[in-house]
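Step one of this worksheet: look at the structure below.
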Amino acid sequence: MNGNDSLSDILNGVRSGKISVREAVAKLRSMPYEDLGYAKIDHHRSLRTGFPEVVLCQGKSSDQVAEIVKRLAARNPVVLATKADEGAYEAVRRVVPNAVYHNEARMIVVRSPESAPQDKTEDANYILVVSAGTADIPVAEEAAVTAEAMGSRVERVYDIGVAGLHRLMDQKDKLDNANVIIVVAGMEGALASVVGGLVSKPVIAVPTSIGYGASFDGLAALLSMLNTCAEGVVAVNIDNGFGAGYFAHLINK
Amino acid sequence: MNGNDSLSDILNGVRSGKISVREAVAKLRSMPYEDLGYAKIDHHRSLRTGFPEVVLCQGKSSDQVAEIVKRLAARNPVVLATKADEGAYEAVRRVVPNAVYHNEARMIVVRSPESAPQDKTEDANYILVVSAGTADIPVAEEAAVTAEAMGSRVERVYDIGVAGLHRLMDQKDKLDNANVIIVVAGMEGALASVVGGLVSKPVIAVPTSIGYGASFDGLAALLSMLNTCAEGVVAVNIDNGFGAGYFAHLINK
Amino acid sequence: MNGNDSLSDILNGVRSGKISVREAVAKLRSMPYEDLGYAKIDHHRSLRTGFPEVVLCQGKSSDQVAEIVKRLAARNPVVLATKADEGAYEAVRRVVPNAVYHNEARMIVVRSPESAPQDKTEDANYILVVSAGTADIPVAEEAAVTAEAMGSRVERVYDIGVAGLHRLMDQKDKLDNANVIIVVAGMEGALASVVGGLVSKPVIAVPTSIGYGASFDGLAALLSMLNTCAEGVVAVNIDNGFGAGYFAHLINK
Amino acid sequence: MNGNDSLSDILNGVRSGKISVREAVAKLRSMPYEDLGYAKIDHHRSLRTGFPEVVLCQGKSSDQVAEIVKRLAARNPVVLATKADEGAYEAVRRVVPNAVYHNEARMIVVRSPESAPQDKTEDANYILVVSAGTADIPVAEEAAVTAEAMGSRVERVYDIGVAGLHRLMDQKDKLDNANVIIVVAGMEGALASVVGGLVSKPVIAVPTSIGYGASFDGLAALLSMLNTCAEGVVAVNIDNGFGAGYFAHLINK
Amino acid sequence: MNGNDSLSDILNGVRSGKISVREAVAKLRSMPYEDLGYAKIDHHRSLRTGFPEVVLCQGKSSDQVAEIVKRLAARNPVVLATKADEGAYEAVRRVVPNAVYHNEARMIVVRSPESAPQDKTEDANYILVVSAGTADIPVAEEAAVTAEAMGSRVERVYDIGVAGLHRLMDQKDKLDNANVIIVVAGMEGALASVVGGLVSKPVIAVPTSIGYGASFDGLAALLSMLNTCAEGVVAVNIDNGFGAGYFAHLINK
Amino acid sequence: MNGNDSLSDILNGVRSGKISVREAVAKLRSMPYEDLGYAKIDHHRSLRTGFPEVVLCQGKSSDQVAEIVKRLAARNPVVLATKADEGAYEAVRRVVPNAVYHNEARMIVVRSPESAPQDKTEDANYILVVSAGTADIPVAEEAAVTAEAMGSRVERVYDIGVAGLHRLMDQKDKLDNANVIIVVAGMEGALASVVGGLVSKPVIAVPTSIGYGASFDGLAALLSMLNTCAEGVVAVNIDNGFGAGYFAHLINK
Amino acid sequence: MNGNDSLSDILNGVRSGKISVREAVAKLRSMPYEDLGYAKIDHHRSLRTGFPEVVLCQGKSSDQVAEIVKRLAARNPVVLATKADEGAYEAVRRVVPNAVYHNEARMIVVRSPESAPQDKTEDANYILVVSAGTADIPVAEEAAVTAEAMGSRVERVYDIGVAGLHRLMDQKDKLDNANVIIVVAGMEGALASVVGGLVSKPVIAVPTSIGYGASFDGLAALLSMLNTCAEGVVAVNIDNGFGAGYFAHLINK
Amino acid sequence: MNGNDSLSDILNGVRSGKISVREAVAKLRSMPYEDLGYAKIDHHRSLRTGFPEVVLCQGKSSDQVAEIVKRLAARNPVVLATKADEGAYEAVRRVVPNAVYHNEARMIVVRSPESAPQDKTEDANYILVVSAGTADIPVAEEAAVTAEAMGSRVERVYDIGVAGLHRLMDQKDKLDNANVIIVVAGMEGALASVVGGLVSKPVIAVPTSIGYGASFDGLAALLSMLNTCAEGVVAVNIDNGFGAGYFAHLINK
């Protein structure tokens, strides 16, 4: 099944006799995925959701990551792997030489030659990624690299926490002109509410595990963002820059 | 300041002598809000974010709600109040006779005559609101009524929990054609992940407090949605149908 | 689609021309559920899982419960509704006169005349429901009534907490001869571990919200049961007698 | 012992023979408190900490509250009782007719005639009490009434949440001129951080239990305030307006 | 006492004079366990529960593990040790040369020559072990190895998370034909509910600690599984593959 | 079995032929408890632990409480029921007229005429029950009434919280002369540590649910007491005055 | 002040002129502690509580531990240090050569030559330390070594968890004859309830951090022990063997 | 903009023609911060809050810390960096040679030559920093070093936990004469309440993560301090010595 066959196509084939009943049952069953035993690579996903499966490296061996990335890269123009350490990258590069490692974002990106990203013109819609502090940048980069890999133009403004609001105000134009805004913040995560109150654009809040003591590894920021008094703000998991970047691109595209 | 004055307009006025320095300082200061003492009604918000302040009734007296709604209704084409009990509605109706109460959603909506919602054509982009169970409907309705009041076309599909996936599959067309999907679910909240894996559209997950025991008043569903293995899913606070409807409209408009 | 049609039946019908392609698509789509708007009654479930959908009354209006039970009762030999208060039962009885209310278990059971439960012979396999205290009995009864309604023989032994182990030991024969054991306990929930260590049969532990202070509404018992040092013990949600009774019947049948 | 006797005074009295050893032992022991059996009224506290014991009504019967307030009022110029419902106030008024009930703050205040509060001049140092929302006002009033009863000038600014920052900015002068600022906020509690970043004055943050879902009865606001990225911000217990008002007065006096 | 003596046997021996009262008391007391000081090896357990004590290596020194395994292996046809690192295995192998280490499952299995597992015929009842992701495989393997060591036939299907439901649907036959199903999933653990809704067989859900942020080391998956809206699903502790495998075998045998 | 028969007695009876094997098995089995169906009254407990079963009224119907108390009172000199509301007491008094209700402690005490408590002489060892506040007294009384019913002399000192240490110091003699000390405190529970640091006697700490906000219904006091820096301090459950009184009597007797 | 001076002694000295007022003030002030800057060694504690200050090594440098132990050893017959790693012991041994390290208990014990412990006769009252598993032994040893160092006779019974109750029953005599029982258990901690139900002696429960997943580092065992349905059971902090041993000795002495 | 320009100054400049409209817009925008890309250094903060931005090193690379400190040191008389390890200090020293590392406090302090701290006279107002234990000293030092760097006189009293109250009482004069008191305590954190009850000065409580088991990394101490029964006590985050020192200086200055 090449993924484009519709249910009616198959049934018409049966009616016309081109496809036997047995074949039809098999076709309906055999969705396009590859089975590696330890992983079932969901090649169908790009047909279904518009983007191939993304590899979360955490909990997988470097060899498993490399093999999965290789298989995905063989069929997709862009492949992403997140929470990747350097060991995983080394393993990937051995089998997919054009893989690129984004150090701060801890991501591996593979692009087929024909999918080279075009330079976005200055007037393309953009996603603005905002971080409250310097320590939140790795998560912010995960969001930015993800959205860029998917094809969005991304602008970045880092370290504009609410303890110095003028730094934020100074970026008011960038906020106003963005199509979607991602706010990345640890500690008390107040930046999401402040940005949410200033703009009319959708805001995706990403709590980070930055902080100590009663931040409880990001719980404080997460609860803060979920309880925001600003409208137009949603949240993703703690440190889930990828999820925010992916969602932002869905809106922005 | 009428909200359209830019900073440059005021400064040009100062330069040309049309506006005195004293006036300019006042203009820059006097943002348009009304002060009731117990509330500062943010009339500026609709200029800033595209929609007027929404009244969360919880924790306010019925009289406070009524007064705030009245003031907002005097200046805005549409006013929303959420988590409103019947007492609050009675108080509002006394001062704003055309207020409408959405019983299941527990919302008050006020529309000025000229803002009567036009019937959406069949081919308008729509937001799909999906609930996992019958008991989740009040939160789903809060989302739906909010988005409709803001001007979006909304479709509803209720009671399609994951324990009977075929009910969900049967709605595959509605899912595929939606512009944004809101998934409302209590208990284990798995529906968000399942829907997220089926579609290429942004999914906004709303955990509800439906459940008992280790649901801990919606915590189980919330954590489930934050940890979704599906891409393109974000979350709002437990029972926050309003937040999801508002955000969905921002994307859909 | 009557639920018995297999995929091959439909495809064979297409091939032989008895079923048009259009009809086949419809058949494949139209799974057997009834749509009440606020509920999609999953009549297909009894075909799929061997037992019809069970109605959780919590969060539904009495009228909704009554309507759903009526629809289910029209097609199924046995219908169960859990966490039902007397109001829900009154509403059900008006439309399904032969509905029976189990007061302690807070359950409604409807049986068609032809499905009258046969008296189980003394040597039928039985499920043993054990409660640690008197206050745990409502949850224990929910488990027992569920399993009986599904067709299992059930024996009950109540109030044999670990602070008086001889009461438990005295029931050793009943424990040894059971096919499955359900242990219902609040407070520290230790009974599950003690029973689990004594028998070779599967033990299903049900924590209850009985207790005060640091029982945190059943959390202490739940954690205790999940961390049991005994083998052959699994757990369900706090106060979920229904879930334990259902699962026990799956094993016992 | 009148509370002013120093240790040396007593010992000198012993040396000079004015006080017998037995008397000295008794004096050293008998600190000034009154024993009602169910309460030991700490009359010594005003000597020790500058203000008499404050009565937390929660968990005490109305009669107990009334008796304790009566005893304190007999010896102190000002007496406060917090978390007082109307029943407690009725009981107090029967025995202390000049007791005043602050309805919104749920406080009882008793002043002796000679301690009538003087009108504060416009240039007295003041404590600014700021609330994020209308629903936070009861806690804010508890703080304000407490500080006023202790002798501080208090200014109030209510409903200036971060979703409409201009309302806050409009109060910049009041913020800058305050001697201490109390920020009362529920939901995500971000106002504390925003105010803390704007001013050079000490900020006391009071989380409130206003909110729903993942606010967990004020936990979200509390964690947010404890993890603030602003400097010069401390926190008190959820809904503890009294504690903030008391502390603010210690700084302001 | 050889474990087969019943209470009546002993008492009959006393009556007939074959056993002295003193001996009888001793017999009744001396249950068959071996005391190593730091461990009391419960040889009686296989008589009581049908399977010997299983060694949880966590928190024990390698030497302690080795000694306990050696003693158990001397009396039992099969011995299992869980959560075993390689150091523990090395220590065991020195004293029990035929011990086998299952690397992914982190288990040690010892079989006596006569207990060599027979190849299961194709039509034997089987337990199906399903994992949501690749990273969940170690816990899934712990379940599978346990059940196999106890004598069950086990089938494995790994990496069929709900974000790509077709991978699950493709395994529908395997699901339908299984006698018991173990679902192993981290993150939001939704797979348990989805599988539970599809089948009529008992489902044992195993939450894993795979995930990050608000997964809180498996808490999200655990709560999700406990609150499942599917019937016929029970849960075990986070990462407790052993417990699930053991319980599944009790049902399957 | 009258509870005094030892295992040897029974076996000797078997040997001598006075007791048949069948009778012996029955005797060994039939431990002295009464089975009411919903409760198995453990008459054996007073033989085993020195005091009869104590009835926790919470979660039991008034009729159940009354019946259980009646049965216990028929065989024991003293019977206690805890967490009893007035309804339970009324039900008990109808069947056990000499039952006494301790209103503040919410306990029912039944004494047989012959067990009338003797007045303790002044020099009997005593248990000192200390409460931090007035609102903690009900829990303190539960502890005191329990220990008195069991036969201990009890002294009470209430409302000596750490915010007025001199009230505590003034009771130094009572502290020093006590045999055991029970400290009952809510809020931050610091009194347990302070008392623990002053004395050489065992201290039993009882956290109460008195407090608000971040006291989380007694969690703050409980954690405080468990983490005490003082030596010689143990804790019981939140609001468990009974448990502390019972334990104190075990030490004091 | 030698610690034996009573308040009256000092005052009599003042009266008689033997002690000047200045000296008396100093005497009353100068309680016997040594100030090392980073530590104030409380030599007074042994006078006050019957045993010298015990050193918790966690969070102190090895040098700090060594210095504090040296100072305490100079004035006390027995000194204890807990949670001590080998580095701390090496540092101590350099300055206190007769210090002994209890490896499993992670404790340092110093005895002066004259305080050599006498062999306890067989009929001395003893404390029984019971552990549920092998992995709980380090905490159990901390309890045992503490009580022995303080002068109590201690008996140990390890690895008698509730999954093999006969191992516990076999120790019934030891349980019945003990004066106090310490139960050390991780995982679900059920052993405390089981032992508590069998005996009439005070039981001190020590939860341990042994377990995984939902044991949450000992929380499950702690909650279990606090919610015990057995009477006569109290708890200490997770892993606090020292606290249990200390308290047990207070009762046993 | 030099930070001293008021809004009126700029507007007057515009009116008089000294400043062009374009320049004015720029001036109003360009708040004084330096943008390093990964950090926006808030030079404006010292104008706004009276003290420059403080660098939290956690989560920043050593190079980032060094660069930020260098930039701040170029414009401010005093610069602080907290939670700094030695690596960060080495990096800073390479670019700011006069940086000083406070080892115990884990802080870097940079002073310009002209800001050398003057020796405080004996009669200057002082902040008293009190620690409960030796292990709390690093957090206490963070508070003390911060306040000293800001210009306050600080006195220290360490290791005066509530288990030896006389050590605290002995410091009564120091407590009474302080202007503000910082109480640093882990474990149960009771010292804050005890100190708060003794004095009339504001008390800032700092919970530390010192403790084990149910201290839950400082949660027990934090909750204890938030629920204090003493008046005049506020709290900061766990281990946040810096926050306490900063706040204390705001009061003390």
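For reference, chains read A, B, C, D, E, F, G and H in written order, and residue numbers begin at 1 within each chain.
In this text, contacts are C-beta pairs under 8 Å (C-beta built on N, C-alpha and C of every residue); 3 or more make two chains touch, one makes a residue touch a chain.
Given the structure is predicted, the values throughout are model-derived calculations rather than measurements.
> Using the touch definition up top, find the fewest steps from subunit B to subunit D.
The distance in steps between these two chains is 1.
> Quickly list, by label, the chains bordering both subunit A and subunit F.
A chain counts here if it touches both subunit A and subunit F, which gives C, D, E, H.
> What is the chain whose Cα centroid lies farthest from the Cα centroid of subunit D?
E
> Provide the C-alpha centroid distance between subunit D and subunit E, rounded to the nearest whole angstrom.
Inter-chain centre distance comes to 59 Å.
> Measure off the straight-line distance from the CA centroid of subunit C to the CA centroid of subunit G, and report it in whole Å.
Distance between chain centres, rounded to whole Å: 50 Å.
> How big is the gap, in whole Å, between where the Cα atoms of subunit C centre and where those of subunit D centre?
Each chain reduced to its C-alpha mean, subunit C and subunit D end up 54 Å apart.
> Report, in whole Å, the distance between the mean C-alpha point of subunit F and the mean C-alpha point of subunit G.
Here subunit F and subunit G have centroids separated by 26 Å.
> Find every residue in subunit H that makes contact with two or more other chains and list them.
Residues 133, 163-164, 197-198, 213-215, 219, 222, 226-227, 231, 237-238 of subunit H each touch two or more of the other chains.
> I'd like to see which chains touch which, written out pair by pair.
Listed by label, chains in contact pair as A-B, A-C, A-D, A-E, A-H, B-C, B-D, B-E, B-H, C-E, C-F, C-G, D-F, D-G, D-H, E-F, E-G, F-G, F-H, G-H.
> Can you list the residues on subunit H that touch subunit B in the complex?
7-8, 11-12, 14-15, 17, 21, 24-25, 28
> Along subunit F, where are the residues that touch subunit C in the complex?
Residue list for subunit F touching subunit C: 29-31, 33, 37-40, 42, 44-45, 53, 56, 58-60, 64, 68, 83, 207, 209, 217-219, 222, 237-240.
> Which residues, counting only subunit B, touch subunit E once they are in their complex?
132-133, 161-165, 187-190, 193-194, 196-198, 211, 213-216, 219-221, 223-231
> Which residues, counting only subunit D, touch subunit B once they are in their complex?
Residues of subunit D touching subunit B: 133-137, 158-160, 163-164, 166-167, 169-170, 186, 210, 212-215.
> If you look only at subunit C, which of its residues touch subunit E in the complex?
48-51, 54, 197-202, 204, 222, 226-227, 231-238, 243-244, 246-247, 250-251
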